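Across the two complexes that follow, subunit A remains constant while its partner is subunit B and subsequently subunit C.
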Partner chain A sequence: MKPDQTPPSAKSAAPRASRRGFLGVAAAGLAGVMLAPGVRLIEIAQAAPGTPSANASSKVRWGMLIDSNKCASGCNDCVTACNTENGLSGGTRPTDSQWIRKIEIKEIRTGKTQSLPMMCQHCAEPPCVDVCPTGASFKRADGIVLVDKHICIGCRYCVMACPYKARSFVHEPQTNQKPDVPRGMGTVEGCTLCVHKVDRGEMPACVTACSDAGHGAMIFGDLNDPNSEIAIRVASYSSRQIREDLNLNTGVRYIGI
Partner chain B sequence: MAGKRAFRRAIASSLCAVALMLTVGPVAWAQKKELPSVSGRVPQPVIEPARGGQCVEDPAFMRRNHMQLLKHQRDETVHGGVRAAKYSLKACIDCHASKATGSVTVANTNFCQSCHSYAAVKIDCFECHASKPAQSSFPPIAPHGQAGTHALSQQLRQLVTQQQAKP
Partner chain C sequence: MKITLRELQGTSPGYYLLLAGLALIALLGLGAVWFMEHHGHIVTGMNNQIVWGLPHVFAVFLVVAASGALNVASMASVFGKTEFKPLAPLSGLLAIALLLGGLTVLMLDLGRPDRLIVAMTHFNFKSIFALNIFLYSGFMGFVVAYLWTMMERRMNRYTPLAGLFAFIWRMALTTGTGSIFGFLVARQAYDSALLAPLFIALSLSYGLAVYLLVLMLACHGSGRPLGDALLARFARLQAIFIAAGLYFVIVYHLTNLYFTKHHDFERFILIEGGVHTTLFWLGQVALGGVLPLVLLLHPNIGQMRLRIAASAALATGGGFAQMYVTIIGGQAFPLVLFPGRQVSSSFYDGVVNPYSPSLPEWLLGLGGVAIAGLIVTLALKLLGFLPERLDDAAVQTGSTAQAAAGA
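After this line comes the complex of A and B, so read on.
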């Protein structure tokens, strides 16, 4: 490699230096390029647009642990809290948006019924991101799967691809949206893990509502932090992903199913 | 031949100068005279005073570049989670929401709408984004007394005067 291939940053790092100093810096820059090309590429990839630093950090993996043994059948508080927080109508027509819903499951042989909330599972390998033709469906650096509605064209491929039926399409013009939660006709939406609250350091609305109702069936936290409550619980109790066979590595995990 | 070409060139350049004077002249004259917006033939946008003190940038810069700032900021916010940034749309709305309607786009006199209808540029922002500040940061529409209604009636009067001033 010739010296003139030194990255411009290395040259600018030696302002008004002597010839020897300049050569030294240039050599250091070259060594950096040649010795650790992989490291540099990763650094560049992390700084690329789409994953800017600040709040969404790749060191964090937000996740949720839901204990279906504690989830009360008939309790709908998480759904109501989600609708209130995000300005959803709460209707149940096929054209109404539903970011979280309660489902009842039954073991046929024993008759044991269980109740659990179902929403976007914030996969590490999200199928909705794979199929999106415009890049509107994306995974944030901290593992939250979102729709960038500025570039969503409303094709609904992601709605089809999601195995959890977690995405909704907005069919009608919207009014009185929440300032933190923009929603508009012609775009797809789904659970955001209340990303606007998480960025402020708060819990998602459903988790707060569940603990306020006294059930405490939902825990939210950083799966990558070994000292967080969710990481400790996941490490000490057996928890499962829904549709484990798809190997999506979901951020939302369940106990007792 | 050369002389003829030079003559043609001189005529062409003087014609250009005349055309320039014809087009620029009236504009320069109008600017010099600084017509009040109401008596002009063209209705000027109503620019409501903002709630806060100083804008994040110089007003002239904002008029030209606010769309680039917003577009850059939206990507930072959606993808990077940068919320309390200098150029956030929410901060614009918090400051520029009308005292009368509480919005930046509901009435034709509101901050965003008045300029955009004047410039005939459609705003798509508020098909998804709220055009009003969050309830907590938003003072009552018509505070005790008549301040709110007074502000609205003044704006309406200004708009009506403009409409009447149209030929």
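After this line comes the complex of A and C, so read on.
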């Protein structure tokens, strides 16, 4: 058969095939262009909660030891530092978030007074994590209890469950947020132990502020490292957990209460 | 004589007025949600001390009443009281409607109701809240299946089985609802296994009360006869259920009064709690418990129907008061961080927390009630949920015929 005798159908098939091929490639390309950012977004979304955990090690148990004998009544430096570090307003209306607060305690019978900072106690058995329906309330491998703002639905069951009143609900739109500390209206939040600083090898803001004020009432460190200052102190002095009766094994311990 | 289920006939102005009224309240409720979602919970009376407010009072009442509304159907299919059989479809319908109304309020009061899909795809199975999502959807499924077996003649033989599953499930559901509070280990008001059976007893009372109100209104509105003997049986049941609720309330408070660590909380609720004390004694106990009991058990006060309707309304109102005291009162009493010591802070430690619900919260709660009402009102018009006649002769002969057929 001569080459010019190819049937008309076959003749036109070649360009049609290439047009089909082009359309296929174009469609695939277009799909790729359209899907890629989505896939990338999913990657980012999945990576976001995982990234810090990847750094967090279960060999570490971050904790804090607070000596209420050294804590000065009327000193609010830890609270101010927390507000500044985390972009909180510092307001004290019933609807305002307070991640750390100073509690004044008075013994009813003897009249003895004490002062101490109170925040999320970063329990080993956190009731907030138990009750959270979606798993947004979670504990990192290194013992830091956090809220995943992406899956918190704002049910406030954790606020009901926390024995320490350590959780706050964001009641209004937020502006001027800190890049390291995203917050969102309609979700729950609380002390993160300045996880963004801890992951950089720094101290939580409240601990630094207490030290700068000359009180040194707060020590931060790894409870699992026998050579750390906190572990040595916990081993040598009697320290207590607030609401020990609940057996929650808190990461924050107190001396002098 | 055979009892026929038939949809509401005719187009009375009263029916459409009711429908329009309910639709208006539901719309106002949705408007309130839009307002709350736009501005945040700052426009409600809720805060970081009272985190669950009036919407939860409405939602929990509706959910508890929903499981109780299934009582009448369970009486027929599970406990063999065949005279209640023609009343069972309305019972199932009411259970679904109340649950949907309650869940709507619960969902729309979330900080992020737009994340409903997250709640449906991320589960922490240690959370009783997460388990409740399955209990609610399962209840809905079982009751729909149950209604189907009742209303589709070919499926009638499966009604007892479906009824049994629905009954067991409703027990689990109310246990789950009570446990939402019972599992809160740190709060003086909760942290008690007693809350599960208490909520079951309350559900029986609330559910029957709402059922009676709807039944009497529907029969009155559509001109269908409702027998005295049937109502008298319901009255006895209602009295037993109210008494059961009161019994668990007494045991709950007696237990707390025995434990020294709970004395401050009991003093708060029973004596010094202001609105909570008033709502407890006047709303929950006197008007919601004792008065309806007297009305139901005393034969010589006024006309019977009026007494039953009044008792059902009182039990319903008392139920709202009880949920308010349970949910808001439980949060108003401060957490005890240092037993035996006074505490104070900028975060309202150690003080009784005040709460005044805002208009949007009222509208959202009432909107949930209206949604339940809309579902019932429309369903009664579209499908035969209500028997054509419920006079004593019809009910008696109907049940005798069924018993004979069953034998």
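Just so it is clear, the second predicted complex is superposed on the first by the 203 of 257 C-alpha atoms of A that agree within 3 Å, B and C clash if a C-alpha of one lies under 4 Å from a C-alpha of the other, contacts with A are read in each partner's own complex, and residues count from 1 in each chain.
The definition used in the following text is that a contact is a pair of C-beta atoms (placed from the backbone, for glycine too) under 8 Å apart; a residue touches a chain by one contact, two chains touch by 3 or more.
Remember, predicted model here, so these are calculated numbers, not experimental data.
S.K.: State whether subunit B and subunit C clash or fit side by side on subunit A once the two structures are superposed.
M.R.: Verdict on subunit A: subunit B and subunit C fit.
S.K.: Scan A:P173 for contacts with subunit B and subunit C and give back first, second, both or neither.
M.R.: Both subunit B and subunit C are touched by A:P173.
S.K.: Once the structures are superposed on A, label A:V145 by its partner contacts, choosing first (subunit B), second (subunit C), both or neither.
M.R.: In the superposition, A:V145 touches no partner, neither subunit B nor subunit C.
S.K.: Name the contact category of A:H196: first (subunit B only), second (subunit C only), both, or neither.
M.R.: First partner only, subunit B.
S.K.: For subunit A, which side has the bigger count of touched residues, subunit B or subunit C?
M.R.: C
S.K.: Identify the partner contact of A:A56: answer first if only subunit B is touched, second if only subunit C is, both if each is, neither if none is.
M.R.: A:A56: touches subunit B, not subunit C.
S.K.: Which partner chains sit in contact with A:V159 here, subunit B, subunit C, both or neither? Use first/second/both/neither.
M.R.: second
S.K.: Check whether A:M185 is in contact with subunit B, with subunit C, with both or with neither, and answer first, second, both or neither.
M.R.: both
S.K.: After superposing the two complexes, find the smallest distance in angstrom between C-alpha atoms of subunit B and C-alpha atoms of subunit C.
M.R.: 12
S.K.: On subunit A, what residues does subunit B touch that subunit C touches as well?
M.R.: 173, 185, 187
S.K.: Would you pull the subunit A residues touching subunit B in the complex into a rising list?
M.R.: Those residues of subunit A that touch subunit B are 49-56, 138, 140-142, 146, 148-150, 173-174, 176-180, 182-185, 187, 195-196, 198-200.
S.K.: Per the contact definition, I'd like the list of subunit A residues that touch subunit C in the complex.
M.R.: Those residues of subunit A that touch subunit C are 79, 92-98, 101-109, 118, 127, 129-136, 151-157, 159-165, 168-173, 185-188, 242-243, 246, 257.
S.K.: Enumerate the contact residues on subunit C facing subunit A in the complex.
M.R.: Within the complex, subunit C contacts subunit A at residues 37, 39-42, 46-49, 51-52, 110-113, 115-116, 118-119, 122-124, 126-130, 133, 180, 183-187, 331, 335, 337-338, 340-349, 353.
S.K.: Where on subunit B does subunit A make contact in their complex?
M.R.: That would be residues 74-76, 78-83, 90, 93, 127-130, 132-134 of subunit B.
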